[in-house]
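Letters A, B and C mark the chains as written, and numbering starts fresh at 1 in each.
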């Protein structure tokens, strides 16, 4: 290995080391455990005896945090079904790094308390949401960026995603508990813009060929990923709502949506692909799309059949998007989308936001009852009319799209410079984790070591 | 592809589309969210302020719903260990369809409220139980029915299973919270009868050869399936009991039963199969059998060693059934049983019902204490003697067997007609999801495409 | 097969049968359900009406039991990533047997009530902790002991582990809720001592060669294992603490520790192994190490950055241990460590105990507040000074090491005798479950049958 390559090999662990030490220092200076669990002086309304602090208020959060982590890992498993276990190492690193960074950034905006960031289970939940957005962006880029670029992407996206979330939820008072806009739409369009700027035409042909047989080869991961999503995503949606009664509908609506969306894949795939049953990856994609569409509207839908219709339509749209829109995206707009995040997160997220706006318009005190206070507290308090709320919900969509595309452009431009400065192609070439599974006949010089790492399940 | 084949290819998505649209319409007309979470007028005893509706009453249900979904998916993973990921697509479709249909049918019988079906988390739990019965029947038929037949099977079985459950639980007042009769026995014997009517002798030999090496090839799925069952099944048993204290014993008894049953496989398999350790699929089967036997008796057993003995014996019986009874079933009764559901669900379910009857006879107010009210409310209220209850528990067994076999006969006969009318062999042949994994040397003309889909993990 | 081999083949199921019957008899004589759920006379402070017994006190335990079982199975999956699904059968048997035996032994020491052992969900949690220690020891020995030896190892280790736990927690009043000492340190050093006594030099060379490509081949299991650990281990730590508020920090600290530890693998592995990204097994090992170090200190750490530093350092130490200390252990001390438990459990456990001692010294009523009563009840009650507590925490470390090494020596010596008496090499040879995955070119006579069983995922 040449001297240059050796230097580049040290560049990545060095960067990891510096970032982790920096994070520890920042945590040491600013981050403290939140007063809920802290030993500080007991606030007057709480009696500090052993059992008096209501355990039921605190307890469910902790379990849900871990379910929420699963949300991120559900995405990981979902991507595994396209890219094989080789890509998992880098995604785990990105997750570990994004969570820490998101806690810091979000703490500065939300949870700061007399100059310190107070951290509790709730912070972890919010950090996980942000990590999910980063993973979605990663899904558009897998196989075409090196680890250093991934780290910088996470650094920038976490910052912008938190900013977008802060503007939407805190400043504008938009209701988006499941993250249709803040997670799915932002993550997808951010990743797509970065993908556009990193476009390399000569890698084009190879990619397309791989696309063909990927689905069949990693069926086992797709099964596991789908099961994970069915089990854990609906309940993870309920973690961000503080109010307990409104969860009811968000969970049930998500569940109905995914059931209908699953059926819709069986309708379109025989027509689109000349196969009698859909491939497992297609079912998984429909599941993801059904979840993304229920992010904002889940709390607002009053009837089960609404969720069935929404899930059914988004399942059809997502399937059509894979067949007809993804090639257009690729050939006309020069945007490569490795895992198809535009169809599973981007478009369903936008549709979810539009559905949420429509449902907000229909919300009245009669139909919502006491739930109005939970879903739209400002409307219930009388400080805002329902039309204003609907306009703000609608306005949040272009704002999110703007921030995501602008941020994606800037990030993509920075990644292009940076890759030249720090990490040459050598790093990219010797790294099995950044290639997708079926690599035959593409790059003979690199196929010795990679085959070992990436062909584990084949 | 011939015109006829093209028509048949459109038949299945068309059927899915019609059924899903029909379901959406039926949901639109009848199904509403249940008043627990609805914004309707607040019932007098409940104070409708933000926190007053006890979240602890509602909350655990939602988590358990998803655990319950897992129950169905645990079965799915369990079947994967025999049939490979190829069969998963169809099973997921059946699950998605059965849940919606079961909510409708069960809603008509149980939950109807002023002409509307009110749906809550509890409905999803009940629908999942019904879906589990359908999946058990599917386990007996995998590899020998096409998707259209599967859908019609689900349609009919959900209806009959709900009817059986309604007669047993609501009309007769039988205690069967874990579904020894309503889920395991019904599902197994229904599937076996359908299998009898669809018997095709020429497919016989091939099947037997495959049986040999199946266990070794899909060991990874068997490990994951067994772990899923160990983790989630015991707690899923507790979801149907409204009363919180009685859960205690059902969970612990199930757990002890499966531990003992696992050990029993290690005793018999070296004697039966000339291998020093059992194959993983055998351990999985013993786990399933141990759960099925505890369905009815789990609440009633007063001592841990009773659960150990029951699990131990049913583990031995299940292993012996696989070795000696399954070939007899096949050659003499002409019933093919792809996943061996008779040994893992049918026989253990019947034994569980007999054990439950025995324990009912032994129940006295002295030994049960306040639990008598929870397990046998009618006995505790004095409107029924314990002997009457035991007779009803016993009578539920032949009734379930009768309904299951009759229903299976009718369904099997209908499937036989239908396959001729709508979906010719072409559909069956081109569908990789409906074949089992090791297909070598069996059907050369169909092995081109299938190999891709079904050999993912080999 | 010779007559001798046939006899040896019957020896193992016979032993299983005898042990299980013995366990059932012991359960029948001694074990009863605990009064919390029992129908016995209602204790005066509890009103025995249907809802009066607080369900929230009982309920979470049951769910956590199953999460806790997962802890053991998480280890199982973790070992799968090194040894393939073939070894799973024996590990499941060991788990099933250890749980029953641990309930008996622990019941005798802890839960006995008027001559009977009363069993509840809490007993299952404690039994699972003990089973985890047995699985850790198993990890050091996998591939070199036969099933009979495994069973005897479990029998002896459960007894000694329970004794050690009883001395530490009940007699000395040491705070070790996550089991840094009682589970990780004890299990690792016990297993290493047994490994030392069973050392066979001629098997040495083969092992080393296999070590090379193991990581790449079973990447899929490593991904699943890592995800399991991320999701379930932090919350499983909280199951043993009765007090609800202190859980908060243990969970969050564990989580921060594992995040930092994950990053540290990405720093060291390129420097140590000439690969740009770490193999997935290395990430999994770092996760395990991060959990082991937080066992004792998790409750005591007051700030998130402390957990980040501890996790970061232990991740580095564990990676260095694999690279530099394991070969020394092997060549100088003649200790083979199949799954590297010294680096993932032993050393991190010892470091965790030292960290816990340090944090105990720093504990004051000011910094801990009301939590002092939860973590160190004896100090809070004034019956012990904080220095005494710290000395006891420190003293628990050599005591555990002494018991583990002594116990390991005795067990190893017994296993050596026993293997000669009961189970000859024939049993070992024909058993696919006891060999590790890549067996090529090592033992031609045994490779016929084994290849089928062990190469399932390759």
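By definition in this document, contacts are C-beta pairs under 8 Å (C-beta built on N, C-alpha and C of every residue); 3 or more make two chains touch, one makes a residue touch a chain.
Nothing here was measured: the structure is a model prediction, and the numbers come from that model.
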| item | value |
| --- | --- |
| Size of the rotation, in steps of 5 degrees, that lays the CA trace of chain A over chain C | 120 |
| Same-residue or different-residue interface between chain A and chain B, half as cut-off | different |
| Inter-centroid spacing, chain C versus chain A (mean Cα positions, whole Å) | 34 |
| Separation of mean Cα positions, chain B and chain A [Å, integer] | 34 |
| Where chain B touches two or more other chains, by residue | 56, 63, 220, 224, 457 |
| Contact footprint of chain B on chain A as seen in their complex | 56, 60, 213, 216-220, 222-224, 226-227, 230-232, 234-235, 238, 243-245, 247-249, 251-252, 255, 259-260, 262-264, 266-271, 274-280, 283, 302-305, 308-309, 312, 367-374, 457 |
| Interfacial residue positions of chain C with respect to chain B in the complex | 9-10, 12-13, 16-17, 19-20, 23-25, 27-28, 31-33, 36-40, 42, 48-51, 53, 55-56, 58-59, 62-63, 65-67, 69-70, 73, 76-77, 80, 85-86, 88-90, 92-93, 96-97, 99-100, 119-121, 124, 147, 220-221, 224, 427, 430-433, 452-453, 456-457 |
